[in-house]
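One chain, subunit A, links the two complexes that follow: it is found with subunit B in the first and with subunit C in the second.
What follows is the complex of A and B.
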């Protein structure tokens, strides 16, 4: 290998080498951290909410006019919705995962406990809640119709039964056996018995550190004259049901407005819009940086080939094959890229530490840097290929041509 | 050492054909020192390029040290060039970013010679041209004459059978030119065949034999050389007539 003479020749023209090396170093540092952030965001966006998203949609019904009885309208609506063709089930809700809006509270194992044992989101549902959300009951039972009561916003009475997620059960009772246990949602109030455990249901807040801790309580809870419904359609019939639901509701009671009809897929898209935007922007930055680096290498290598045309002809005259010339430029690029990558590796970890300190970002996993090394090596070799091929085509007769 | 018979080199564009060499025949025996002279554009450099396998020819035959070079691929030509031929260029053609040691090392690396053997050859070649103490110097730190000596050392390090010199003193003053010429003569005395293209009649006179080229053809030999005898005996005589 010609590494030593190439390196010593490079050291004679340090500026070009330093510029390209620095570009490679910065690219590695930024791209590896940006890739990690993108992959984190994508992973975050893939998190399951725990509910059936493909077949469900939700909407608000806002009543107006004197004599609008929200309770009776709600009961009539639920009956109507459950009877619509293509509907599997429907329930009234206060929130859904990923909506960034809902209720939360602390759960304690003892009354008047100073600090809650866990935080949890609260979902108010009726006996059709589990079916409408599409939740999987793994232990215990569903709510019975007689357990469901109307609640007002200021009602302090906590329901006596609750269904919680497996994650919350594990948090409250790490040794297991949560089913049937009593917990306190109100420090001053009576205990609530855990009657069921569902596999998974996210809280409405995507950044919550208790995102998997959810509690379902048996209650109807309209906000004044506003009721929110969640409808689960038969697989493949969601859009068809959605189209007809507004008209059916208005026909049943014209003293209201039906609004914010959204599929859970839309809720997910809205919930993760920030993450998606971040992933797209960082993706564009990664592509732009890699392209600029590749173009920098192409430009510098092309310049060197043009500058050394006679030198290449001399090398050919002295016995270098085309392959030798090709290999020379690839080796030269390999050396510059490697030096840049070594610096870039250190910079990548330094940048990660800074992001951790300033933005509480997670630590860059170690394997991102070696993967970045490999990618940038490959990029460098691909970028230099064109100029190197041009160099390999320089004829040996050029050595004898007068300057 | 080398035999060219009825060699032709034509440069073609879509409009014209230019004959750089026309029915060119020559034979150089091992150990000879031949000077090739002729006016500018006569075909001297084309002859040297073909001689050194730097260019292909259009028609005719060329045997270098018993190898018929016609039809050889680029890699085979490169190998042959590397193993059998040493080049000395008018502009020295040293690589400015390499020190003298690494400059002399260039052709040896392409021959895949082991590092120890390369080092021995480089030191020996640089000592032979009187520059052993300046191995770590760069070409820009040397005079023109010294640079040409390095180029000669580079050519010698590979122990070539044939040394091709293209106006080796063209860029040197008379004192330095004399020194380089004396070095070439000494190399020739030690058995290396030399073909030198030159404009300088004084230098040409110091060669064993002069070959004059005009319009791509050999027009004159200055003595009763071996090559004339051999050409008369063979097919090439028609070309020389």
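What follows is the complex of A and C.
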């Protein structure tokens, strides 16, 4: 293989070589890190919330005026919702996963514990809660209607029973056997007994470090005159039920506003909007960057071919085959790309370190850089193919002509 | 000579259309990526009230649990308790001061054709209007006496005044909220804020509220705030116990017109907290803060790390585009060695050759800049579609347009400098001999 003539030719146009190499290096550093961020975001967006998202929607009802009795309206609403055609079940709620707003607290194993054992989100539901959210009970039992208390925001009474997620159970009782145990949701209050464990339910906060720790409590808890409902429709009938719900509610009681009617799919889309945007923006940068680099290689190789047309003709006249010419340009590209990639690999890890320091980003997994090597080698070879083919078609007779 | 070189430049660009398009598009993409992200970052983080940002200070007191700090890094709570807010208001030691929170209240329009609707209310003191200077269209804010008197008065935003009163001067008219009547004292004009800096605790890019109500009047409603509420220990039952609790849910701002006043107020706060310590409150070490507007925006990370990373990558992308352009220009100018040699032999100085090729790169820069500006517009549209709450920040202003053009010309000329320098070092004799 004629490496030496390639090298000596390259050394004659050092600057061009350095520029292409630098471009490849920067491309590798940026693309590998950007690709890692994109894959992280996509993975994050795949996380299950634990509830039925396909058939559920939620809405707020805000009562107004002096005669408004939130307690009786709420009971009537739940009756009415459960009776609507197409509805599987409905419950009163305070929050849903991915909505970024809700209630959290610490849970302790002992009363008056200085720091709590675990953090948890609180969901307030009635005896229709598990079925409306679509949760899978793996141990214990569901709430009974007589357990559901009516609370106001200014009450301090903690329910005596709770259903928690498997993750929270494991956190509180790593040895197992959480069912039936007593824990403390109010440091200075009475204990609460774990009566059931559900498979999975995320907290409302997507960034929470306790995202899998949720507790369901048996309570009706309106926020002033605001009540919020979660409705689960029969498969395929959600939109139809959702459309009629405002009118049905207003008919039952006109002194109120029905608002924030949202499907759980919308809640998910809103919750992950930032991650989706980041993935799309970085994806666009990756594509544009690869395109620019590929086009840069094409441009530079075309220029070299044009510049060396006479030399190519001479080589052909001296017996070099088309294949030799083609291989010359591919080898040249391979050498430049490889030099660029070696520098780029170092830059990629340096960029990753900087992101880790400035933004607490996780470390770039090692395999991104070798995969990037392979991709950019391939990209370089493909980009140089056109100009190289053109070079290989230079007729030997050209050597004998003058400019 | 300039126009002649410009003509030469344009002709040269036309002679090699593929290479020209490659260079122009390269610069345009780099410019668009960097300017789109820079615009969002600039709009998010720029000073929202330059005339006063250094004299408005956000009050933070550390009343948190003795067992763990509010934030793992030791920063104090980002809101204050009702008890402390009202004590500081009553002391009135700052040049101006206001405590505030947000309520969601139902509006019942008199006009039966308008359905009742939910509206967000900023519950605050009279000084709010003189501190943050929202523009008034009609009337004015309420006064300190009305703060004291729990007056049932409101200031309306321009939008809600359009909705309820068709945009007329509604000062003195009544608005019914949740069964109670309030009198309008003023109507705001357009009040566009990029970041709603006076309350960054929830939804920093949401618009200002539609209604403003005296703090004392809002507290009488005994309704929990529409915002964050954090307690390190559970409050006892009842509204009064909640007001008396260690729960933080109120934002507090003070205006302090000189560094001396700031120092005085700092001393006052320390004395206040030390006094409270004697009552058994504030179990943590003294940790009061009085950040100004820009410090508070930085503390609350108004410019998210995602936006910063995007901007960094945008500029790295521009760098790659520049390297690409340098390479292509170098190739192009090198091929013109013969032409340059001829010009030099005919008497053109190096200086003239330098000018000619610099103008050619300048032409590429301007074309790239114009295309880049158009692409930046598209990029911002995309950002607004992707981040629905960034509507107020993903817009171009004249500074950013000028920056874009300047950046692209600078980028292209910078990219053209080395190739141009190489071009004008051509030896006339060496080229003519061929």
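In the analysis below, the second predicted complex is superposed on the first by the 402 of 403 C-alpha atoms of A that agree within 3 Å, B and C clash if a C-alpha of one lies under 4 Å from a C-alpha of the other, contacts with A are read in each partner's own complex, and residues count from 1 in each chain.
To be clear about the criterion, a residue touches a chain if its C-beta (ideal position, glycine included) is under 8 Å from a C-beta of that chain, and two chains touch if they have at least 3 such contacts.
Computed from a predicted model, the values in this text were never measured in an experiment.
Set side by side, subunit B and subunit C differ in how many residues of subunit A they touch, and the one touching more is C.
Judged by the touch definition given at the top, the superposed model places A:321 against subunit B, while subunit C stays out of reach. In the superposed pair of complexes, A:80 makes contact with neither subunit B nor subunit C.
Legend: residue contacts after superposition of the two complexes on their common chain; A:16 is shown touching subunit C, with no touch to subunit B. By the touch criterion stated above, A:311 is placed in contact with subunit B alone, subunit C being left untouched. In the superposition on chain A, contact of A:155 is made with subunit C only, not with subunit B. Of the two partner chains placed around the shared chain by superposition, neither subunit B nor subunit C is touched by A:385.
Legend: residue contacts after superposition of the two complexes on their common chain; A:397 is shown touching subunit B, with no touch to subunit C. By the touch criterion stated above, A:346 is placed in contact with neither subunit B nor subunit C. Where the contact sets of subunit A with subunit B and with subunit C meet, they give residues 403. Those residues of subunit A that touch subunit B in the complex are listed here as 2, 5, 8-10, 12-13, 310-311, 314-324, 395-397, 399-400, 402-403. Those residues of subunit C that touch subunit A in the complex are listed here as 19, 22, 26, 29-30, 33, 67-68, 104, 106, 108, 115-118, 178-179, 223-224, 233-239, 241-242, 304-306, 308-310, 313-314, 316-317, 319-321, 323-324, 326-328, 330-332, 334-335, 382-383, 386-388, 418, 422, 434.
The part of subunit B that touches subunit A in the complex is made up of residues 45, 48-49, 52-55, 74-75, 78-79, 81-83, 87, 89-91, 93, 95, 97-99, 102, 105-107, 109-111, 138, 154, 158, 166. The part of subunit A that touches subunit C in the complex is made up of residues 15-16, 19-20, 22-23, 26-27, 29-30, 34, 37, 62-66, 114-115, 153-157, 186-189, 223-226, 256-257, 259, 273-274, 276-278, 280-282, 285, 288-289, 292-293, 295-296, 299-300, 303, 306-307, 355, 358-359, 403.
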